[in-house]
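The first chain written gets the first letter, and so on, giving A, B, C and D; residue counts start at 1 in each chain.
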Amino acid sequence: MDFNIIRAGRAVLHVTNLEKSRPFYEALGFVVTEADSENIFFRGLEEHNHHSLWLKQTTEPAVEAISYKVTCENDLEELEKLFHSQGRQVKWLPKGEQHAIGRALRVQDVTGIPLEFYAEMESVERLLQRYDLHKGAKVQRIDHFNCMVRDVESAYYYYVQKLGFACSEYTEGEQEKIWAAWLHRKPSVHDVAFMNGLGPRLHHIGFWLKDPMSLIDGCDVLAAAGYSANIERGPGRHGLSNAFFLYVRDPDGHRIELYNGDYLTSDPDFKPIKWDLDDPMRQTFWGHQAPDCWFDEASEVLDILTGQKLPLQEPKLKKSKPQFVM
Amino acid sequence: MDFNIIRAGRAVLHVTNLEKSRPFYEALGFVVTEADSENIFFRGLEEHNHHSLWLKQTTEPAVEAISYKVTCENDLEELEKLFHSQGRQVKWLPKGEQHAIGRALRVQDVTGIPLEFYAEMESVERLLQRYDLHKGAKVQRIDHFNCMVRDVESAYYYYVQKLGFACSEYTEGEQEKIWAAWLHRKPSVHDVAFMNGLGPRLHHIGFWLKDPMSLIDGCDVLAAAGYSANIERGPGRHGLSNAFFLYVRDPDGHRIELYNGDYLTSDPDFKPIKWDLDDPMRQTFWGHQAPDCWFDEASEVLDILTGQKLPLQEPKLKKSKPQFVM
Amino acid sequence: MDFNIIRAGRAVLHVTNLEKSRPFYEALGFVVTEADSENIFFRGLEEHNHHSLWLKQTTEPAVEAISYKVTCENDLEELEKLFHSQGRQVKWLPKGEQHAIGRALRVQDVTGIPLEFYAEMESVERLLQRYDLHKGAKVQRIDHFNCMVRDVESAYYYYVQKLGFACSEYTEGEQEKIWAAWLHRKPSVHDVAFMNGLGPRLHHIGFWLKDPMSLIDGCDVLAAAGYSANIERGPGRHGLSNAFFLYVRDPDGHRIELYNGDYLTSDPDFKPIKWDLDDPMRQTFWGHQAPDCWFDEASEVLDILTGQKLPLQEPKLKKSKPQFVM
Amino acid sequence: MDFNIIRAGRAVLHVTNLEKSRPFYEALGFVVTEADSENIFFRGLEEHNHHSLWLKQTTEPAVEAISYKVTCENDLEELEKLFHSQGRQVKWLPKGEQHAIGRALRVQDVTGIPLEFYAEMESVERLLQRYDLHKGAKVQRIDHFNCMVRDVESAYYYYVQKLGFACSEYTEGEQEKIWAAWLHRKPSVHDVAFMNGLGPRLHHIGFWLKDPMSLIDGCDVLAAAGYSANIERGPGRHGLSNAFFLYVRDPDGHRIELYNGDYLTSDPDFKPIKWDLDDPMRQTFWGHQAPDCWFDEASEVLDILTGQKLPLQEPKLKKSKPQFVM
């Protein structure tokens, strides 16, 4: 490949009421880099780039794009060539059109997820050692996206063969088909995961915490701030990925994962770990069942060209969630 | 009062298969002080007394007694006087009849729970600083008993007025009746709690952990050792008591709570904290609902004289669990 | 004894600049209950009483009193009788003379330390579950005083025989004399400790943290807030007491210990643990040596009647610090 | 560059008594993959390769090599070309000559440090989720090497310009010269650091822990196992790198760092962070001074061809340690 995708970079979410969103994300421990009446730009404590989460106020919750950072401008050109060669339409957003970011390339991926690629984002002060300002779960940085799509296998092969991702772990469903896959560019468990389900939808955005106690503190602070009803699942340990996790829902229902505990995946001889969908320790190592809403609900995504919501399609594999038998 | 109950001291549980029980409790982090084919005596890492949990192999799971330590032999005599004055039958177990413990006095409390009082137990090496031997959740010491009984108010008044317990927190059910109460002798949140329900039954025994990470470690070790199905509820934070908790079920279904996070209750001017039964943050500060089995299942108790199981009685208050609305 | 001392209650410290003291203690995680130009009243997060630390602005740093809470007014009368029978002068401060506290009895103890006893203090909102307000090391409550005195043995016998304290651990110096002793009323390792040294001086006030990570967080926040030079010793584990500790010096040099990790000392059959002064694991279980200033520097105390500093006396035992040989 | 160095891979250390080394490293939390009378191969809990630390019993402590993993065999050929072009002698160790590893290329780097490169190492079971086997500080994986050398600037330029490393942080000494530099291939703070000092010597090998509590647990377990005298420095937080650290010395004096808390360095627009040598928060964010031995002592290294110790050279910059003024 003649381009280098570095990592999951940011998400652009539509929300309906920034005045409700802001205190929620601040309770979680995000830092506001900038905000006006129609936008908030959030970042984590170790992030030296302007933001990793951009909330835009609109009339309906939706996902405008999930974005990957690439090494240089030329990577964007190479990516455009690739997408053109596949007959995909792309959209360029020239530098200046979006705040704090350079030129961006958008495209709908093979499953319909709206992707964005960029090489440049403004630098800001990193607050890693401003411990006196840390709050809530002390969110450190964006880690990954999780997408619910109708055809995980096609996503898997597209991301691995065309975009250069590697697989760390995956889940096998019926007939030895891939039910879910965890794919990475940076040497962590994932930058993006795909799960079989009604899609294309964004299931959640994962943010990295520095340690497990930050997650416990995060639960306590959320609850004390009146957000206990926003805690959807966890704390728990995923068997798959080994993550110590918490899932929360923002005021518009967008799902955020607080995440700690994965491992280094730098080596070409690391063999992807296979899990059976119905292994109860896969979803929660400690044996807890996820609530149905965790499997059923996710954020709808927009067409990069029309800005309209993409129609949803039934998943290719029948099982929409594990059969939980312990 | 002419006696001084110091604290919750030990529990005597009947189990059906010590070979199954032992590895479970060892995975939790208990230390075996002594064991033979019919008995195991467990203690926590900071305990200087012989045991705080005695498992006896029999044909049926049951609770033989929950035991309180008193200051001296004379306290036992005074307790006998009290019980006689109330027309209760007591049973003396002379020193030598039970292993590693002095003379013991047994009685059925006002709710039917089989109590035991003792002043003397053999001393053993405290392993608090033998960190090289610590395992699992690193159980430190016994903390409290939780009993499910038909009439919490009568238990409340009996323990407070006759036995000298103080109340730290309580839950109000319908018609301003006490639905549950947390009572202490040592200045922690409780040595014993009573909950409204089908009883008399022992709901759980709580053991103190030194910090929240020991509880997370405990979950991981239990799961890795094959006990994920024994994890019933948690980790979570109780609103009531502020405890960071985990509930596990032993191979016979006896429920053990791993517990960290309460507070000092030494002061006479500390006002008991009242919670509404249906306040969702009461049971779990983070808003999670407990599974039904947590409310429905508990360990049956034995008659101190006959050794037979006590018949169960429907609770006085109608609600057997909170209405969970968030 | 006809009185009941419950626990270490508060300290009254003289400081020279409240504007410097306030941000320091707030960075540590204390809560300001009330403040004016000459006083700040601080409390910990779980404290339901008005304050546990009272800073008074004066011209010179000093310790006006360390205070114990007793059960009731009558305990104060009984303590006065005791002190009179020993020929000690006492001082009554009637209710109203000190802010937020009832009648108080002051006396110089056998070593010269200015003591205060009180039964009543105003109640305030407990912030234990207001996790959204917790900061720094999240100080929970006052735990103990540590006093440097010329004659530890006389203090030991006085507190144990006359005031009803029990000993949890002690250090033996030359000729089997007690070099230091840890004494408690509440069933923790201590409410007060005495160390051999130039005295009478207050070595430090210990405050309880809820877990070890709060102490690590406390270090990070202090350093980020510009107080790294105030961190004197730690984090480390004391062999004696098993405490996970940090010692910091306030802007006037008063020493505060952040403290987590002791154990329950409720039982009359708990045998005090003896340590040799030169056992390197006594002072720091992990083998670190304390800096000389930790042994040499402490806060001078005032005469309860004259308000003047008490003259210092050389310690009875020669060794002023352990010989550190590893 | 036509090769890709992935990460720090393993160290080959000479020790004088394996029977003393083994229990020390096991107390730290390493796993023994294989051992015989002359060798022990250790790995961390998440490592899927055979070992990251190889101890060889000889008559004198020394460092035989520090090793980097590359992507493929061809990378080794390309590295050989590079070294030949620079007039350096290399040594090939064909597959089979060293246990559990493929063909290896050795060379002395520009500072004299003995390097090794390899593409292949046997796979073994990863124990990441065998929490029931985790011990001590629960060492997860090798993270980095720290080398003390006479000319840090020449190392810096060589590693960055010839070997493709990037700089995350550095320390400036007199005359704006680089006194120390942290360089990485994997996107963490470092795979290797160079410090100005008597060299070439290996200062320490850093191993990654999963969280700060594992480091505290590690201290407790080491002390309880009799290794308190082996704890040299810490726990503390480095200002530079943000690491929560502990330094221990093995029975032969080799220094091991337990390490948690760095950050992602994947981005080309991340600007290296500059620290002044005498900034007290550089070495320890919390203001503690490192002991002199930490600056003075390090492990000598061997000539890859002769197997003899390399002669030591005085550092180019005069200051061998920071001036500590707080």
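Observations on the model:
As a convention for this text, contacts are C-beta pairs under 8 Å (C-beta built on N, C-alpha and C of every residue); 3 or more make two chains touch, one makes a residue touch a chain.
None of the values given here were measured: they were computed from a predicted structure.
Relative to chain B, the most remote chain by averaged C-alpha coordinates is D. In terms of C-beta pairs in contact, the better-connected of the chain pairs A-C and A-B is A-B. Separating the centre of chain A from that of chain D, both taken as means of CA atoms, is a distance of 34 Å.
Separating the centre of chain A from that of chain C, both taken as means of CA atoms, is a distance of 50 Å.
Per-chain Cα centroids separate chain A from chain B by 44 Å.
For chain D, the set of residues touching two or more other chains reads 129, 211-213, 220, 223, 285.
Only residues 27, 129-134, 211, 213, 217, 220-221, 223-225 of chain C touch chain A when the two sit together in their complex. On the side of chain B, the complex with chain A involves touching residues 212-213, 216, 219-220, 222-223, 228-229, 231, 235, 237, 244, 280-281, 285-288, 326.
Within the complex formed with chain D, the residues of chain A that make contact are 6-7, 46, 48-49, 69, 71-72, 120-121, 123, 128-129, 140-141, 186-187, 210-213, 239, 242, 260-261, 263-264, 266-271, 285.
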